[in-house]
Amino acid sequence: MKEFIEKAHTLVEALPYIQKLYGKTVVIKYGGAAMLDENLTEKILQDITLLSVVGMKPIVVHGGGKDINKMLDKLEIEPKFIDGLRVTDEETMSVVQMMLAGSINKDIAAKLCGLGAKGIGLCGKDANLIKAKKLESKNGADYGCVGQVTEVNTKLLNLLTSDEYIPVIAPIGTDDEGNTYNINADTVAAEVAAALASEKLIFLTDIDGIRSDPKDPETRIHAINEQEIKDLIKSGVIDGGMLPKVDGCIKALDSGVNRTHILNGVIEHPILLEIFTDSGIGTMVCK
Amino acid sequence: MKEFIEKAHTLVEALPYIQKLYGKTVVIKYGGAAMLDENLTEKILQDITLLSVVGMKPIVVHGGGKDINKMLDKLEIEPKFIDGLRVTDEETMSVVQMMLAGSINKDIAAKLCGLGAKGIGLCGKDANLIKAKKLESKNGADYGCVGQVTEVNTKLLNLLTSDEYIPVIAPIGTDDEGNTYNINADTVAAEVAAALASEKLIFLTDIDGIRSDPKDPETRIHAINEQEIKDLIKSGVIDGGMLPKVDGCIKALDSGVNRTHILNGVIEHPILLEIFTDSGIGTMVCK
Amino acid sequence: MKEFIEKAHTLVEALPYIQKLYGKTVVIKYGGAAMLDENLTEKILQDITLLSVVGMKPIVVHGGGKDINKMLDKLEIEPKFIDGLRVTDEETMSVVQMMLAGSINKDIAAKLCGLGAKGIGLCGKDANLIKAKKLESKNGADYGCVGQVTEVNTKLLNLLTSDEYIPVIAPIGTDDEGNTYNINADTVAAEVAAALASEKLIFLTDIDGIRSDPKDPETRIHAINEQEIKDLIKSGVIDGGMLPKVDGCIKALDSGVNRTHILNGVIEHPILLEIFTDSGIGTMVCK
Amino acid sequence: MKEFIEKAHTLVEALPYIQKLYGKTVVIKYGGAAMLDENLTEKILQDITLLSVVGMKPIVVHGGGKDINKMLDKLEIEPKFIDGLRVTDEETMSVVQMMLAGSINKDIAAKLCGLGAKGIGLCGKDANLIKAKKLESKNGADYGCVGQVTEVNTKLLNLLTSDEYIPVIAPIGTDDEGNTYNINADTVAAEVAAALASEKLIFLTDIDGIRSDPKDPETRIHAINEQEIKDLIKSGVIDGGMLPKVDGCIKALDSGVNRTHILNGVIEHPILLEIFTDSGIGTMVCK
Amino acid sequence: MKEFIEKAHTLVEALPYIQKLYGKTVVIKYGGAAMLDENLTEKILQDITLLSVVGMKPIVVHGGGKDINKMLDKLEIEPKFIDGLRVTDEETMSVVQMMLAGSINKDIAAKLCGLGAKGIGLCGKDANLIKAKKLESKNGADYGCVGQVTEVNTKLLNLLTSDEYIPVIAPIGTDDEGNTYNINADTVAAEVAAALASEKLIFLTDIDGIRSDPKDPETRIHAINEQEIKDLIKSGVIDGGMLPKVDGCIKALDSGVNRTHILNGVIEHPILLEIFTDSGIGTMVCK
Amino acid sequence: MKEFIEKAHTLVEALPYIQKLYGKTVVIKYGGAAMLDENLTEKILQDITLLSVVGMKPIVVHGGGKDINKMLDKLEIEPKFIDGLRVTDEETMSVVQMMLAGSINKDIAAKLCGLGAKGIGLCGKDANLIKAKKLESKNGADYGCVGQVTEVNTKLLNLLTSDEYIPVIAPIGTDDEGNTYNINADTVAAEVAAALASEKLIFLTDIDGIRSDPKDPETRIHAINEQEIKDLIKSGVIDGGMLPKVDGCIKALDSGVNRTHILNGVIEHPILLEIFTDSGIGTMVCK
């Protein structure tokens, strides 16, 4: 009976969140370590399916670093990075597109289908979903086909989410000249969330959120606002791969996203626990 | 962390049920001991609110025995029963209507509103919701204004549930001559469920379901079909107040209701636990 | 043939009014002497049914003074009044609710159904139809559970009237803490009309409208505006039970109601005659 | 006050008819003597406007004999008749079309607009409203461009009546070769009513309905069925211009029209009185 | 094969225009010499049908000068003109109405139907399509029933074009007193286009557009703006029957029409060639 | 002027086809030599865009043989064929998916977008678009991951085509166990067309249709029915890569597709010329 009471309490605890988030859009950036572990992947996709089941509108944006590198290796194309961004020549770009839009993307969509959800794999080249332009670097460096988002086709996303499809988006953009761009997945997630004025933007990362001491997991910050983030960037506490995430958070908040979350993707069911429990498990960033 | 995992598992366990029951109608007969305890009442109304929140269409049919008797007492009108049915003269009928439709019914609706749901209190006299006729007794006894259902106005119920209102129905009927009838609440619940071809009909009672030995709670039957019920009636195992409930179950199944449930209303959150867990806590009756 | 010509003329006279009022909302406060006479009641409910039949959207708000007093008598609860308002303790409130929402309200709805209309009985506790707070008295008197309207749930009323239901509203309100309030029915009618920006607000009273000499029926005023009403209040011509009616009229006009009417409910078919004939039979109040 | 009571009774008497006929289609054949008198014309068009105002869907089919003859006279074209049907050569046909579709038809539509209705003048050549073929005569006579209906474009009529337009139809047909046909207006009215499965088909004629003795107005038959009509035709009581009317009635009833009426168009407001009073003023033909 | 390539190129050339004009309203003034030649008429009506087929919403406004004069001749009514406008007494007006609305209008509608389009013949008296008033002349001359447009009933036109009907409009107006007005067809076309904020207004005339030297067809101007037109009027290059056309063009542009065109109606398929080819065949007037 | 007349004639010739095919679904199998030539590709995609522009609902199914082989070469995976079908082990399957769904598919979608159409790239793994099972070979051979279609998700296709998106489908299927299947593109095109009961199914191939002498282009058959095809198969005239195409044609016709076409993709604008000209340029197969 005690077990029943706890089950009931969990369902009751989730109630106000399910109620409040009904019909709301939630953009999830999925990547990193969680992606490499099949068990974790399934747990995360179950979470996303559950969001859809209870009436929310999840949208997945994924990365794909390691698989792309393996394929470039096999094809004997050497990857290059500047400032933490992959330099993408045309040959590399075509491999990136194949891997992101043809392999990783479709496999995520198919796994969502296997769980009873209606995953549908898209990239920015579908119906001009993500219009982009060449990334302007601050230091004059040429990143090749690396792009930045100029426009998101929200009509297609709204059509699909209104009919309970879950868009799965590979971070590839295009322009009117037909060029293809490789775009940072965190940035794409933030831009999509901003364009849709989403309720939530969730980054699944390899750590438990923002820490006041990056090396000490015990120093995780539960909730943080824009000003506090800027201070942490200035003091160097937030840097590296966390930078585009928090930039994305702030840009998204400024563009009308209500809440952003940074979670550890290697916890089982991280999204459910962050969204449907009172305490949460990551860092929530708000205005 | 273990607590988090259990919470996550509870949510995941509930997933396929939430998915399967989306948009489905669930008629709940609410009465008996659970109604007398404010704490239990709140738990049950939380359950009903949750069903609505996750996209189901709950409809409540309630009884009200003890409060009516108290008021009849105060007014010095003596209640009479034949065959377990209240004999209802016109004076009694007007008190029954006042108490059921004006007091108990509206308070349930208001409590649902307090939980964020859109409860709306109705009786059979609203828009001809429940058309009835005088109950024909087998033995020639005259039960007065006691009635039986002849027709349910499903249009009104569909209009309201489609817009997420939760109809709360007092078991009072009417006919074309403007007579008012007191009707057994179990029967009304069964007729409403049948008229709507509901997915589920749930009876909240004072015991944990059907027992093969009525006096031994350990002999609860988890699932039972029509034939088995008929056998138990013949052998006298099922009798008394359980009879209209199982009759209602069978009639409802015959009329297109998919599943019926008999639950103990004094367990906390009985509806959530029966619907959203694999094991359940009562007796499910199916074809 | 002369009879035919008169019938034809009556229908033709009604034509521009029927045309002009198609689809418009008309709130009718029904109470007083008319309510006590079954024949008059039927005539008034026929009128309301006819409004619905020709495409208008009537909404009924009713009082219920005498029946409540009788029941309080029977239950040996003594009614108290301050400044013409019933002081309502909790015990009294529960009797008021029973009588208004369970007895009078449902009987009006049922009678409308008997005439072919789709009457549906509601009170402020249904889906938060009427949110209220404790009435603040000017002189520090405590009226108990007597309330004043803070908000009207127009969504529910629009849903119902769009589908040709006729809402019948008992003047009971509620707040977020679950308290119940007894509210003056005239005030509720005026607030409902204002919230819906109704075309018309009609008060059925015991006299033929506003009189320049309250004791002389011959001095009835056919049409009057706000300023003239204020003058009559100042000079004491309008006072007593007429005050909340004209206050309601003015508040309603200020909130967007187009026309308000004060009619004598003891004339047969008062609403038809006021609305569908050129001369009318009461007092029309406009800006 | 007596006058008020009579007005109220007239409105109340009309109530069940207005209720029953809401949204129903009523086809009215308008022609003969009533058409020649401007006062009668206005009364009839007021009636038709009223039908529309209270939610019915009137459709007018008109004739136009005398005006056409006057114009043929002026143009020195001699009219010819065989078996009571105008023989229509091409020159005559073009005058008939001009007069019916360009003069009479548009003037009726405009007068309806002047009364606040949305009259719209059409003939069979508009959007293939009335497809026709050459009338086959029994005796080999050639009536020229005289036609019979083969198909009615109910889509156009439904589009217009759903938006409260009142189609006014000149009895002219067309075929796939672009020929134009003059068709008996009674027949067109009957075919339109049949194609739409109208509730009512009303013929406005010069007499008070069917009489058992055609010369004695006192012998008017109030209600008659198909078999009785056939008997009266056999016995020669019904003949001449009444024949296509009763034929139209019977054909219409056989094709799904519910009720047909033959009225005297020279009574003021004949349609209102027939439809909205218990006794009526003409002959109703039913199955 | 060369022929195939040319066909393909024509279709491909038309592509962006078909795409750009989908769902757009195009008002076509049809009259003059083209109307007198059956072969040209068919080509023009084919063009209009094609516009409808590829998703545009054509509306036809027609004139009818010569046929009216013939009929006035036959009826021995002498036509009179002042300032190029027909003086229209009531007798003449009734002949004009008959010919325009009953003969020419219906024949155009019927021919469109013969080509598979859904032509529907209307004049300003249908549902108050064109409200008008007496034309005020500058010099005090009385043109009789000659009118000018005061209002266009766009609701009716939108209802019909949304369901793929092609309104064919005779240039006759009406007022609230029931008067009938003869209106210049060019003006009606311009007013209809302005009221609908049409994409295009096309005048089919007897010359190839505006010429800088009216006598030299080689001097046709391909595109011209408002200021240039005003200069040509001032210098007398544009005058006579071209004046109401260019006035209509400018008024239409000022009222929100996007483009106006003046074409030679005696070229085969002039509308298709102007709209669907890059070079066009007439004069386009824009802001 | 002659050029104008020819342009006009081409547009007029296309008219009845555009009219007849409005809103109809056309499935196009695109592959082979045409795919290798950028100029031809653009012409074909222009054709498909035009179909969409004039209101048809095109769906593209593409193959991709040579690019896949090149990539397998680069990755040093050796392709194997049995009975003309690629034997697909899991490693090969993942390369096939990448190339088809990630490279070729997305590039077609992007090129359609560049032409103003709303191309959207999908494979069978998106929302279970193509459910499949392992291909059963007649001779016991194991083709590995080669599959056959068991079900097509028409809901997704209808959602997208109703909003003017052009689905571009890579011929990859999936099953409930999450397996991926490589499916013959001709077969997928035929199954999609059958599931949608398409108006047309078009195969773009490397020859001008079916020839009675495969080696002589002059012997092309313009139109052929099922029986005649069966005869040609029996006599060996139809064999090789043409077999799945004619099988697909017949299966599609049997399943409710109205017309199928086999065209030479290396003619410029083959689809426009086949669909919008009277003579066509390929072989039409009908029942």
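Annotations
Order of writing sets the labels: A, B, C, D, E and F. Residues in every chain begin at 1.
Just so we're on the same page, a residue touches a chain if its C-beta (ideal position, glycine included) is under 8 Å from a C-beta of that chain, and two chains touch if they have at least 3 such contacts.
Keep in mind that what you see is a predicted model, and the values were worked out from it rather than measured.
Any chain bridging chain A and chain E, meaning touching each of them, is among F; the list is complete.
Two chain pairs, C-D and D-E, are weighed by contacting C-beta pairs, with D-E ahead. Centroid distances from chain B, each centroid being the mean of CA atoms, peak for E. Chain centres were defined as the mean of their Cα atoms; on that basis the chain farthest from chain C turns out to be F.
Centroids built from CA atoms put chain C at 57 Å from chain A.
In whole angstrom, the spacing between the mean C-alpha positions of chain A and chain D is 70. In whole angstrom, the spacing between the mean C-alpha positions of chain B and chain C is 35. If each chain is drawn as a node and touching chains are joined, the picture is one closed loop, every chain linked to exactly two others. Touching chain D in their complex are the following residues of chain C: 4-8, 10-16, 18-19, 22, 46, 49-50, 53-55, 116, 267-269, 272-273, 276-277, 281.
Taken in their complex, chain F has these residues touching chain A: 74-75, 94, 97-103, 105-107, 109-111, 113-114, 118-123, 125-128, 156, 159-160, 163, 165, 172, 174, 176, 178, 180.
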